[in-house]
Amino acid sequence: MKTSIIYENIKLNDNTNIIKFPCNEKIEPGQFIMAWVPGINEIPLSFSGLNDLKEITIKIYGKASEHIAHLKKGDTVFFRGPYGKPFENTAGKKLLIGAGTGIASLVPLIDKNAYGVLSGKTGNDIVFQDRFEKKSIVTDDGSYGKKGYAVDALKDMDISEFDMIYACGPEIMLKSVMDYMVNINDRAQFSLERPMKCGIGICDSCSINGYQVCTDGPVFSLKQLMGMSEFGSTRLNYSGKRIKI
Amino acid sequence: MKTSIIYENIKLNDNTNIIKFPCNEKIEPGQFIMAWVPGINEIPLSFSGLNDLKEITIKIYGKASEHIAHLKKGDTVFFRGPYGKPFENTAGKKLLIGAGTGIASLVPLIDKNAYGVLSGKTGNDIVFQDRFEKKSIVTDDGSYGKKGYAVDALKDMDISEFDMIYACGPEIMLKSVMDYMVNINDRAQFSLERPMKCGIGICDSCSINGYQVCTDGPVFSLKQLMGMSEFGSTRLNYSGKRIKI
Amino acid sequence: MNLEVDLGIKISNPFILASGILDENGYTIKKILESGAGAAVTKSIGMEERRGYEPPVVYENDPVFINAIGLSNPGIDNFGEEIKIALAAKKPVIGSVFGKTVEEFSLIARKMEQYGASAVELNLSCPHVNGYGMEIGSDPDLVNEIVSEVKSKINIPVYSKLSPNTSDIVEEAKAAEKSDALVLINTVKAMAIDIKAKKPVLSNIYGGMSGKAIKPVGIRYVYEIKRELNKKIIGVGGIENINDAVEYMMAGASAVQIGTVVYKYGKNIFNKMNNDLVNYMIDNNIDNIDELTGVALK
Amino acid sequence: MNLEVDLGIKISNPFILASGILDENGYTIKKILESGAGAAVTKSIGMEERRGYEPPVVYENDPVFINAIGLSNPGIDNFGEEIKIALAAKKPVIGSVFGKTVEEFSLIARKMEQYGASAVELNLSCPHVNGYGMEIGSDPDLVNEIVSEVKSKINIPVYSKLSPNTSDIVEEAKAAEKSDALVLINTVKAMAIDIKAKKPVLSNIYGGMSGKAIKPVGIRYVYEIKRELNKKIIGVGGIENINDAVEYMMAGASAVQIGTVVYKYGKNIFNKMNNDLVNYMIDNNIDNIDELTGVALK
């Protein structure tokens, strides 16, 4: 396992923290690590910052994410990676669509030509909004920004004017975004999350139509996803049983 | 195992052949290979030629040497290596002392400043004499050259005038040559032969006073050998029993 | 030139995907078959859905590769759909089976046959119910019973996959002699400790070593069993390139399985293996892949 | 800082030369002790002089290393002089013993004690007279008898070196429980075929794999036995650097043996290990080498 020493831990909200640590690996936006909590679990996490210090933004779901979110300055983070195919960071006007902490992995792509669409269940789920100059915010319950889903925010704008669209979030949200895309050709990249055990393309737990999200993804192009019957439809659960999404 | 295809086999005399084969390894004078005869044995052999084609000169003792000595053009030679510490090839006047086929590994050192002392039991054991411009030949039975041992030939000359002395042959002969050397300081290098099994410094079968002939040698300097009580005195046999030389 | 292998069923080339590697999701199996594999073995399937161990389930530090997936699987009743998806590639899908009892093995094998599996592979390296850390494979009587029972109940070929974690593999192989082929070898028990964390890396502590490091163990078992029993053998363990595959065949294997290396070179390793095999056969004047089997025994 | 280890005898540092590597000629053993080894185990010595196998006796293709020396040795009666030469280094020399019967083990161990050996190590991975390819170590009753007999006849510590080629190492270890320490592990049975020659490389066909490729197997055995029996353990198998040694200690070893890697880095590996250990202990605030033993079990 590789290790690094935590440099800073910033609490973003009730259940989300940013940890910062030095790391000499070459890491590109969209790539992830498998972060190990000895004796507990190992989980995939992507990067929300790739400057001198690397940043990870963690939402607490269970034991492993809780442990990592609470690492203090001076603590050690254990990990393998970076893994996965990164976003292709293109020039021109960018649309970044993120649901909840999904926006985190898009943060490294932000530049002056970036427009953000941030969605969440409630206002509490919206993070990194201050990093965007131009943005739309939507929440399921309307507690912050407009009421609605990410795709509703898209309906208010002309998405065809963007040179590249990037999206990250739950598969169901990505699917609805993809279904909305017409005349976008291949100018969209989606970062998927499926359960991961190995992170290196051997265990088949993250697979989608023969592709491994951990190695062939997590970033897929619109074109790639259009050919995938499993996308937004079924996946294997942790034991390998096919379930509906 | 590495392999090469025999290019030529030259019969030197009744029981000695030269085989030539192409080989891109970087090999220096004094180094050796472990040559494998599948199903039979594996034996150490040094090089008598290091030009575009590499040359090995084999005297037939038993099954393995017989097999290799009889390899024909187009046959495959299997080997590991090259192994061992080579001769340090110095400028200036050289004295090359070889007993029997021992002279073979000295052949690559021959230049216009080289003087050869070739010894053998009988004239039949003398090989490569035509490669030397200046030479002395001695045989135990006087059947060719002068009657006597290698060391007797040295007594007829002023060995202190040579810038470097190289010797290769049975340990007993090397010991007598070493004992004769006074005022030579460290201007002498000896190539030793002891039974070898591994060739890579792990089995201890070739050892002499804690040095492995296969890795620390086969070439040792006069100074190194002077500190070795086993030299010319005892060695381990194939099973590991200490025997007198 | 003939690359076809007869393992009770005909396989168009000798390269088979090993059990447990990218073979849980039917679409992945299909894709690997389309990438040149002659056949694919499914993940080992048991009676009930089983979560397996928590990550870390793999430790990778080339040449060492250790896994402890913990036989996670959807249970045989949920696996029919995956086989159906995979069979669309129109190549043999071999169902890997594990159980706790003779009856379980038999029942799962029958389901596999119903689902359309071309053959079944019995994973005898799974835990023995009575033995602490022991495997079914180290109980020859049980092995014999399982193989006899399964053979008597299904009409597709039955392969037995043996464990190297035993003191007498020949005995184990004899016990499995009624199989149509023996599959050698499963992983070698091993573990790794992270010295900075001062803890075993795998959540299960122990795992199975595969890949390059175990090839010489696999070669030894294939050679030894071929010499003792002259049965049909499928070689597996550490095959990374065509030379490794040829080494297994010379040791006595009629076909080989490829697992761990897929994480290094991707699924395309199967196409590459086929190309390299053709070149090897041309260079060495071999018309029929069979000619290679066991030549090192002669 | 204290690097000393207590194995019934005191060893000035935890790095011991493993049996069979550069330890047949007394002068070589002496030199290795002078190069920093805390102690050295001799080549395994039997009753009579034994030639061993013809070369090739080693196959080397990093990370794979296989040997088949075939227990070549001068016979116990011819070995006194070598021990005497080695003891001039004034460090412990551990006599490795193999036999066909309980009596042979006992007699050779007694001679080792007479020759001045500081301890004996019983090589239980040698061939079992009755078993085809079986090793003494896979016969727990015999192991128990050998260890009891030897312990009762000599006053120096007795270590038992166990074989990984078994299905139940815990049972084997329990059978050897009267030993002062267990030495884990010996080589893993393996072989290699040269595909150009179409022949096994080693003249004996089968050999024992050592080096890097078996480290995870060794770690597993040390950890498992430490957990089950809490005996003193000497770890061996694939140690190439200080991290490997620390991993063995964290798994439960009190000291380690170093073998195969000597061909890669030379005898000076022992000095290097000592330096690196001191640095490791400084960096990690460890005063006493004992503190490392078994920390991964906690």
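Labels A, B, C and D are assigned to the chains in the order they are written; within every chain, residues are numbered from 1.
We adopt the following convention: a contact is a pair of C-beta atoms (placed from the backbone, for glycine too) under 8 Å apart; a residue touches a chain by one contact, two chains touch by 3 or more.
All figures in this text were calculated on a predicted structure; none of them were measured in a lab.
Once chain D is excluded from the assembly, the chains that remain, linked only through touching, form the groups A, C | B. Our note on geometry: chain A versus chain C, Cα centroid distance of 36 Å, whole angstroms. Separation between the centroids of chain C and chain D, computed from CA atoms only, is 33 Å. Separation between the centroids of chain A and chain D, computed from CA atoms only, is 51 Å.
Residue positions of chain B touching 2 or more other chains: none.
Looking at chain C, residues 199 sit in touch with two or more other chains. Taken together, the touching pairs link the chains end to end in a line with two free ends. The complete set of chain-chain contacts reads A-C, B-D, C-D. Residues 1, 3, 34, 36, 38-43, 76, 78, 80, 196-205, 207-212, 215, 230, 236-242 of chain A touch chain C in their complex.
Across the interface of their complex, chain A is touched by residues 21-25, 27-28, 30-32, 43, 49-52, 54-58, 60, 67, 69, 72-75, 78, 81-82, 194, 196-197, 199, 201, 203, 260, 262-263, 266 of chain C.
Residues 63-64, 66, 132-135, 138, 165-168, 170, 188-193, 195, 198-200, 205-206, 209, 212-217, 219-220, 223-224, 243, 246-247, 250-251, 295-296 of chain C are the ones touching chain D in the complex.
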